[in-house]
Amino acid sequence: MTQIHVSTKINGDAVEFLCEAQETLLDVLRDRLDLTGAKEGCSTGDCGACSVTVDGRLVCSCLMLGAEAEGREIATIEGMAAGEVLHPLQQKFLEHAALQCGICTPGILVAAEALLEKNPDPTETEVRYWLAGNLCRCTGYDKIVRAVMDAAEQMRGA
Amino acid sequence: MVRVAIWGSLRAATGGRAEVEVEANNLRELLDRLAEAYPGIRPQIDRGISVSIDGLVYNDSWFTPIRPDSEVVLLPRIVGG
Amino acid sequence: MALDDKPELEVRVFKIVGSRPIRPDGIDKVTGRARFGADMSAPGMLVGLVLRSPHAHARIRGIDTAKAEALPGVKAVVTSADFGEVSDDLRDILHNVMAHDKALYDGHAVAAVAASSASVAKRALALIEVDYEVLPHVTDVDEAMKLDAPVLHEGRSDETVPAGMSANIMHRFEYGHGDVEAGFAAADEVLERSFKTAATHQGYIEPHACLASMGPDGQADLWCCTQGHYMVRNTCAGLLGLDASQLKVTASEIGGGFGGKTTVFLEPVALALARKAGRPVKMVMSRDEVFRATGPTSSTSIDIKIGMKRDGTITAGWADLRYQGGAFQSSPVQFGAMACFAAYDLANVQAIGWDVVANRPKAAAYRAPGAPMGTYAVESVVDELCEKLGLDRLEVRLKNASRDGTKAAYGPRFGRIGLTATLEAAKAHPHYTAPLGPNQGRGVACGFWFNFGGDTCVSMSINNDGTVSLSEGNPDIGGSRAAMTMMAAEELGIPYERVRTTIADTSALGQNEVTDGSRVTFAVGLATIKAAREAITIMCGRAAKIWGIDEDAVFWEDGHAKPAGPNAGKFPPMSLAEIAAVASNTGGPIAGHHEVNAEGAGVSFATHLVDAEVDPETGAVKILRYTVFQDAGKAVHPAYVEGQFQGGAVQGIGWALNEEYIYGPDGRLQNPGFLDYRIPVASDLPMIDTVIIEVPNPGHPYGVRGVGETSIVPPLAAVANAVSAAAGVRLTELPMSPPKVLEAIDAAGD
Amino acid sequence: MRYEAPRTLESAVSLLAGEPGSAQILAGGTDLLVRLRSGFDEPDLVVDIKRIDGMNAITAENGGWRVGAAVSGAELGEHDGVKAAWPGVVEAAELIGSTQIQGRATMAGNLCNASPAADSVPALIAAQAVARVIGPNGTREVAVGDIATAPGKTSLAKGEIVASIFLPARAARSGDAYLRFIPRTEMDIAVVGVGVSLTLDASGTCTAARVSVCAVAATVLLVEDAAAALIGTPVDDAALERLAAACSAACKPIDDKRGTIEFRTKVAGVLARRAATIAIERAKG
């Protein structure tokens, strides 16, 4: 099967890869580039575990072909911390115990970061609706919402 | 002798008795004596049984002591999620 | 365990237990580094996929795999013929992971392939020819119990099932005491109601996944997401005829389980493919496969009859519970029957359970298996009786509540329990008396779960630098490594940061029971404390040697060995680090370990309060406020205890409102995805408030009770009671999806 | 399967028209990729139209707005001009899926997916939006209501692409709204949805109205009786009740895993009344 050559940027680094036409961006990230932080929970865009941003826009990487990444800038959970320094959202998730099993956590963090870039001072309702596409089965969302709002407050003060 | 409470559907094996008495000093003896005296209980013991002794539930520990005045209740084997 | 441990909670002042440190696996999980089931790969790895039955019930007349095997890139194809004879206790598991002579449900595995890529494997599946003889099917529990229902297995009913009943009834269970008829006669009001609940799925976000490899010598390695890798090892070894010692299973990080990962599905298939192909095989389920072919819980049909006096005294309770457990006997109806009246001190009680098979996937455990449904039915009737008699719902529950020494409805007398403490806390909470608006209602319900312990091994190494490595054998599904680290540090008297807890593979420790039954913090915690105590004894001995005094004259306090009695003050205390630094000089490495069948788990009760609003024109339900009151015995890491309370409550809300398995007339599952299997999303919910009650469990050195399961027991009933109050009509079917609520409102208005 | 990302509409059209096998257009891909993954759809060619000039643009035209076929819901929601003119259309488009889906999903895709439950379509029909269809035989303008012909089926010929959707100029004292019913608060497909667009005169009498209902028939319906119930009235309670009754009467739904016939029929009326109330408020400014 002929493979497609794609040049893109992931977490700030230039990346080239080959993929089959029907491979999703999630397949490429996980199986070709060893970026397994994005998770496959459903492959239908219903769970958000594979969330990444493409040119700054939050998307499900399971609903985008790898080939579409050509020339785009992609950000994944692996690029969220700056070296040793955690992003305030990551730190607040730890402090608030906002994860139990942790499978949804990368997607939720990527989604929450996209929210705070757009809206640094979200209400609880805004956080809940923004994150409605990120399923979490363990926490009941309570501590997740608290952690996002606390991180937002800290980031506004910074 | 230890008095053992038998649950409803297991009473078919004890002639309808809700409580039976067996000579046992520990869990293993209890199950062995029960199976000897009431062979109809055997299939349930094979399927799995838990025993509540004085309010604490035991699954397997043969040598758990049972006192003559202990409250002993048979239960289907407890599982969990 | 030895029962010599006295409850220490009330005398002991904890330094670490009860605080909220950051979990040790946290950074890996917020940075994407944590490796879950599907995150592992191996050189030369193949991709394994499963062919599944499109029929709810069909005889398999033949399977032709020749074309698939001939496809370039296909390295192995397996069917049930590739598995040998197995022992009786494994037979149903084997026939569930790979259909034998019949496909028994939509999604039942019939064959599997391993190929060089996913796309080749997919094409190979399409080339496998299965000759099916489609048979009539049944998916509803009441239908399956009828004499003319299609029969899944002949001759499998056990001796408890009366003659002349449907062969789909596997087991009948009954418990109770007293005289229920006399009890009903003594009541001022007797109410009998029937209920139905739909099957739900645990809905863990991580699909099942594994990576298997096996050499021709039978040595095998398996990486998988599971609640119990020792269970996986034992089961797979049995299914494949391997020695347990030859199969090493490593548990990945696990992306949720809730009971659904307490058995095997892909693992034996991946091993069989790896054996045949001679190469590692990775298998990952799609979400569709998870819904169609793993282990949801039972759908149920329940009748409840309760008698009550005008003063609120419950005179008798009777229940008939019918649970289908899918294609093989596995419904948790016994526990539903045992748990449903557990919150009440009843003189007269009888519960009957029917364990039924139907053409659905074999049920697996789901958080307090069986209890939520029976409890929903009982608590709904109690609620309606309170309403009829004009009684306060909490007062009635307090009046009839099980207390220390109550003879439980399922037989034994309770030891120390915290039900009334949860009820009193609910009564005193501002939530209970907060005003409600129009179309709003408040629901209350209690719940119970047994909890258990089981086989547990822990090994603890005191490293030369004064740090501690703790190995345990239970996959950490919600922060248990933090709890173990805390208990180890507490007992040793050293900082939390000095201990690292690892989940060991099956070669490193003895048998460990699955992470289930809310057992881990209780049982592994107990073993951890015992292992620490063993290490402490050794360290005290080393200090005694150094000081040249008797071992008995040394005691351990605040992380130090100290001379005692006549020697007190003679020598400066030696810290753990100081003793560890000279371990080689004093006798060699220092370690503690503990292996136990941890009996003596403490039961746990909860009371939930919920406010709901119903849109009378659409039947839409909104949860406005929710408060959980639950007895944790002792909350080791309160944040994760709260998390268990909140998570269980929200799973229960989903079960109550929108989650359901929907089968079409063809017996096929119509909603095998998160689009139409509707688990709660963030915007559906309010904050879930929690109140931790601590009534210590005498069976644990720190008083710990399991907390993971009880929290899903009350919400079905609590939400149903709130919605019924808000809608002005009693709802008796779950889920209370908007069409059902609207239909009930409209019917009541007609 | 081949993947192509042409730079011009002409080459997209010729790729699609020239494909001897089956071909699919990829805009947001939020429906297409689900079908690809499930094996429901196995096209030989996928043509990604996002790299074509103009596909990602929202442009003012004759007092209205032209929305390119690849404009995502999120981009539409950030466009103050369209939001001010057609808030009902924007809110409908923004109801398609989660935040993540919004980052990709397009109105044109929602239209061409031809689901009877498409959220943006009732609002577009109520707004009298027009799709610009470009194909091997040139360009044609098609009322949005004429695109879908049956569930999953469209009137588009081989090689034809919906290149943009035109929202016409908005009359004075007009307002639109879209409401749908879903079991949860997010992430569900509409069980029933209603779009209402109406115009009032200076006295508050309704002079024009369009009402469209989704998920109650094989295609999204334009309910003329419902509009007639409003026109010429002050849109009082009596008119709203007639509107609700007309909407319910127009429903020809099915029982399925998402809702019953009775439920959809009744709730169509309830939502019509509620949506019209919002539209009136908007018309009154």
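Labels for the chains are A, B, C and D, by order of writing; each one numbers its residues from 1.
Here is the rule we use: a residue touches a chain if its C-beta (ideal position, glycine included) is under 8 Å from a C-beta of that chain, and two chains touch if they have at least 3 such contacts.
Quantities reported herein were computed from a predicted structural model and do not represent experimental measurements.
Both chain C and chain D are touched by A.
Set side by side, A-D and A-C show the greater C-beta contact count at A-C. Rounded to whole angstrom, the centroid-to-centroid distance between chain B and chain D, based on C-alpha atoms, equals 67 Å. For the pair chain A and chain C, the distance between mean C-alpha positions equals 29 Å.
If each chain is reduced to the centroid of its CA atoms, chain A and chain B end up 54 Å from each other. Multi-chain contact residues of chain D (touching two or more other chains) are listed as 38, 185-187.
Listed for chain C are residues 202, 258, 674-675, 680-681, 683, each touching two or more other chains. For chain A, residues that reach two or more other chains under the stated contact definition are 20, 22, 43-44, 46, 129, 131-134. If you check the complex, the residues on chain D that touch chain C are 38-39, 181, 183-189, 191, 256-260, 262-263, 266-267, 270.
Remark: chain A residues 1, 20, 22, 30-31, 35-44, 46-47, 49, 76-78, 80-81, 86, 90, 93-97, 99-106, 109, 124-125, 127-129, 131-146 touch chain C in the complex.
By the touch rule above, chain C contacts chain D in their complex via residues 122, 288, 617-620, 657-658, 662, 670-671, 674-676, 678, 680-681, 683-684, 737-739, 742-743, 746. Only residues 1-3, 5, 26, 29-30, 33-34, 36-38, 46, 48, 50, 72, 74, 97-101, 103-104, 185-187 of chain D touch chain A when the two sit together in their complex.
Residues 3, 158-160, 172-177, 202, 258-260, 262, 332, 334-335, 338, 350, 352, 365-369, 410-415, 449-454, 516-519, 597, 599-601, 699, 706, 709 of chain C touch chain B in their complex.
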